[in-house]
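Next up, some structures in structure tokens.
In what follows, chain A forms one complex with chain B and a second complex with chain C.
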Partner chain A sequence: MGFADHFPALIVIVLFFAAFFSPLLFRWAEKFSAPFVTAALAAALVMTVTLLVKVQQTGTVLYHMGGWPPPWGIEFKADPLRLYILLIVISVSLWIFVYAVGDLKHELKKEVIGWYYTLYALLVGSMAGMALTNDLFNLFVLMEICAISACAIISIKEDRECFEASFKYLILSAMGTGCFLLGVAMLYMATGYLNYSLLQVELAEALTLYPRNIFAAAALFIVAFGIKAALFPLHVWLPDAHASAPSSSSAMLSGLVIKIYAFTLFLIFYQVFPRELLEIVPLNEIILWLASLGTMFGSIYAMLQTDLKKMLAYSSIGQIGYIFMGIGFNQDLALVGSFYHIMVHAVTKAMLFMVAGVIIYSTGVRQIKDLAGIGRVLPITMLAFTIGSASMIGIPGTGGLISKWYLALGALEIGRPFFVLVILASSLLNAIYYMPIVVNAFMHQEDFKFKAKPVPRFMLVSLVIGMIFIVISGIFSKPVITLLEKSITVLF
Partner chain B sequence: MEVLNGIIENYYYMVAIILFVIGMYTMLTHSNMIKKIIAMNIMDTSVFLLFVAIGYSDGGQAPIIKEGAETIYVNPLPGALILTGIVVAVSVTAYALSLVVKIYRYYGTCDYDEICEIRSQE
Partner chain C sequence: MRITSRLVTPFIQVYGIYVILHGHLSPGGGFSGGAIFGASLILIALSFNLEAGVKQISHQTASILESGGVLGFLLTGLVAIIFGGNYLANQAAGFPIGQAGELFSAGAILIITVFVGIKVASTIVTLFYNIIEGEK
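Up next, the complex of A and B:
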């Protein structure tokens, strides 16, 4: 085996390696700590791209840890869909990291910044592992790493709201992983395997022998991933956690962490459960209704908020609903839409949280009503907010339109036009709470009431990158859509 | 009768599920944070118990293969998995307890309801 054959494992290992060495570097040679983690993320990005090119040419790559084939060893699987998610995770986290390095100086005590880099690299590494792994127990371990590091990048800010929010998050996510592990035990009991591909073959047979085990496992998985990904009635932890965290953590949590769990649920539905199970039990229908309620109620709650970051957090609950809708429709066009939305929303929501971070850094304002007239003081920042809002609503020329378009096409294809109305109504609701902020920021008669510090250049550069990406994703969507269509039609 | 026999034969599974439900209920209903953490551990342990019970077989021996001897072995995989699971549960507990310590320093109580009261008075 050549060096390039080990890339699936190395992507994860490089990030964990960076996690353990960055605090040491921070102590001995502070200057090199941030560039070191950036280099690790960039290396992971390069490996992902190489792997994606290779997979496109030669087909799916299977990697066996330590050379042990399944069912004995852990298997990593690199197919175009997983690599697409991996590419989003790593490139978006690299982008957020560049912003975080500058912004953290203002939000955290100096001595914990090295530890923040550790947690950040662990979080990205565990998410990369979750996207690649093909083994349920390995998934459990990575989920726990992800949960601890996600809670810790909230509580590292050391104020009491953060402690409470992360305790709530930790308890609920521990419940989620408890349910998940019980579900895994049920499947293991029925088949004796933990590998996705072997399970799918065996479960088709076990479904007639032990139906109760498998139904219980399906229910437990929906609860587990519903909690982790903040599916509507199980979202209670999200607003506090995402609103109180430092801005770069909020961007990471809202942009990537909730989506990786939605993707894992998708993998379990389509690569672990046999097709017959989805036909016997209306799992997709349950997810569809919860997701539709989520898109409506997330927006309604968001309208009632007075705090900017809280509003963005509630908006995430609405947006994750669109991603789950794709799984709910159980149809290839809708799934293309929801996968496109994973990318668009990751960039948009991360950028909006960065905007909130810039506003808080520059003026100290958090309340929505105080933002009147801010557009004249911070023009580029509020332009970014405007483009981000446009993408959330789904205005033509932004990525948000493309994903909603495909979701609606999927709904029409299976003959359920009611859900097109749901998508339209929730877009209108989005407009109701995003647009007043934009209008007030630019058109308000009086001047902005608070003093504004000049914004550092790196912050503005990160915002500009986000804006450019959102517009490009709205106009040149062809290559990504072709990739998604090719890899999703295989599943049906 | 058939159901009852099934339960009696597989009583260890029932015990695990009952423990799981006790843990989940306590975790969701009690407002004391320490009790929540204890409940979290009960819940995790119940799943570990279930996992280890799956691997057990009557009269089984430790899976060290001897040439020629035909014996029943206990499945070693669940045990190996649960060792990892225990380590994960310990680290989550440690982190949760450290958060409780920090919260206690701010409010002087570990009770969630009392904290809400203190916050509403401010």
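Up next, the complex of A and C:
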């Protein structure tokens, strides 16, 4: 076996290695610590791209840990869809990390920065593992790593608000993992397997023998991933957690962590549960209604916020609704839309949180009403905010439009035009709270009231990268859409 | 209290090492053995004072060992790749398997349990130090 055959495992291992090596480096050779983690993320990115190219040529790659085939060993699976998510996770987190290295100096105490890198690499590594693993129990372990490191990168700021928020998150996400583990136990009881592919075959038969077990497992999974991904009525932990964390953590949590859980739920729906289960129980219908409510209420809550980061956090609840809508429609075009939205929203929301970070760093302002006239002081920053909000609303020329377009097409395809109205209405609601900030920032009569420090160049560069990406994703969406269509139609 | 802990500590530590090394033969292993070993270090710090505990293993050493334990685990897995198996492969990568039931058997599993033991013992000590120092 060549070296390249080990890439599925190595992607995760490189990140975990970086996680535990960086505190040692930080102790003895501090200035190499951040470049080392960056290099690890870059290496993971290169491996992901190589793997994606290979998978598109030769088909799905399976990797067995320790050489043990399932059902004994843990299996990693690399198909185009998983690698697409993995690519988003790793490239976005590399981008956020470059921003974070500079920003953290102002937000954290110096001694904890080395540990921040550890937690960051652990978080990325666990998400990469969640995207790749093909084993439910391995997924559970990775979810725990992800949840704990996510809590820790919130509470690392060590003020009262952060402790409270991360404690709330810790308790609720522990409930989520508890539900998940119980669900896994139910499936294991009925079938004796933990591997996704084996489960899918076995569950089709077990459905007639032990229907109650499997229904209960399905319900538990929806609750578990609903909490983790902040699906509407289970979102209560999100606003505090995402708003009080350091800006780079918020970007990470809002941009990637909630999406990876939505993706895992998708995998469980389409690669673990047999088709018959989705036909007997209206799981998709439940998700659809919760997601629609989420898109509306997330926006309505966001309107009521006075704090910029809180508003962005509530907006995430609305946006994750679109992603779940794709699963709800249970239709390939809509799923293409929601997968596209995973990418667009990961970049957009991460960039908006970076903008908030830049504003807080430069002026110390957090309140939305104080932002009036800021566009003349921080023009590039507010331009980034404008493009980001345009993408959130779905204005033509930004990536946000493409995903909503495909979601709406999917809704029409299955003959439910009502949900097109929901998508339109929620876009309008998005406009209601994003647009006034933009207009006020640039058009306000009076000058900006606060003093602004000059913004470091690397922060602006990160914002510019984000802006360019959002525009490109809005105009040249074809290659990604083709990739998604090809890999999603296989599931139906 | 001090006399008892002075008497008991070496036995606890030997027992901890036994549980770690026998992980592949009997119930126990890296986690439980490491926890026992770490508890013995905490016992010293509790029954004498923090300084006596720090003399055994300082906070810095503990947290370096903590990272080192995980790195050792990961590297053992990587060794398997170098020798031509999959990640964490054992016999396939040519680790000597030995006679089942003997102490030095089961190849990579023994090495991995030792690293897990180091990791767990140092983590427990670090956690303890963090809590104690947090109250100052």
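Criterion: the second predicted complex is superposed on the first by the 492 of 492 C-alpha atoms of A that agree within 3 Å, B and C clash if a C-alpha of one lies under 4 Å from a C-alpha of the other, contacts with A are read in each partner's own complex, and residues count from 1 in each chain.
Assume a residue touches a chain if its C-beta (ideal position, glycine included) is under 8 Å from a C-beta of that chain, and two chains touch if they have at least 3 such contacts.
Keep in mind that this is a model prediction, so the values were computed, not measured.
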Clash or fit, chain B versus chain C on superposed chain A
fit
Mind working out whether A:66 is in touch with chain B, chain C, both or neither, as first, second, both or neither?
second
Would you check which partner chain A:152 touches, where first means chain B only, second means chain C only, and both and neither mean what they say?
first
Touch check for A:380: first (chain B), second (chain C), both, or neither?
neither
Across chain A, the partner (chain B or chain C) reaching more residues is B
For A:163, using the defined touch cut-off, is the partner it touches chain B, chain C, both, or neither? Pick first, second, both or neither.
first
Identify the partner contact of A:465: answer first if only chain B is touched, second if only chain C is, both if each is, neither if none is.
neither
Considering the aligned complexes, could you tell me the closest Cα pair distance between chain B and chain C in angstrom?
7
Going by the contact definition given at the top, which residues of chain A touch chain B in one complex and chain C in the other?
none
For a test of understanding, state which residues of chain A touch chain B in their complex under the given definition.
137, 140-141, 144, 147-148, 151-152, 155, 158, 160, 163-164, 166-167, 170-171, 174-175, 178, 181-182, 185, 188-189
Give the list of chain C residues in touch with chain A in this complex.
60, 63-64, 67-68, 70-71, 74, 77-78, 80-81, 84-90, 92
Parts of chain A lying in touch with chain C, wherever the complex brings them together
1, 3, 6, 9-10, 13, 16-17, 20-21, 23-24, 27, 63-67
Within the complex, which stretch of chain B touches chain A?
20, 23-24, 27-28, 33, 36, 40, 43-44, 47, 50-51, 54, 78, 81, 84-85, 88, 91-92, 95-96, 99-100, 102-103, 106-107, 115
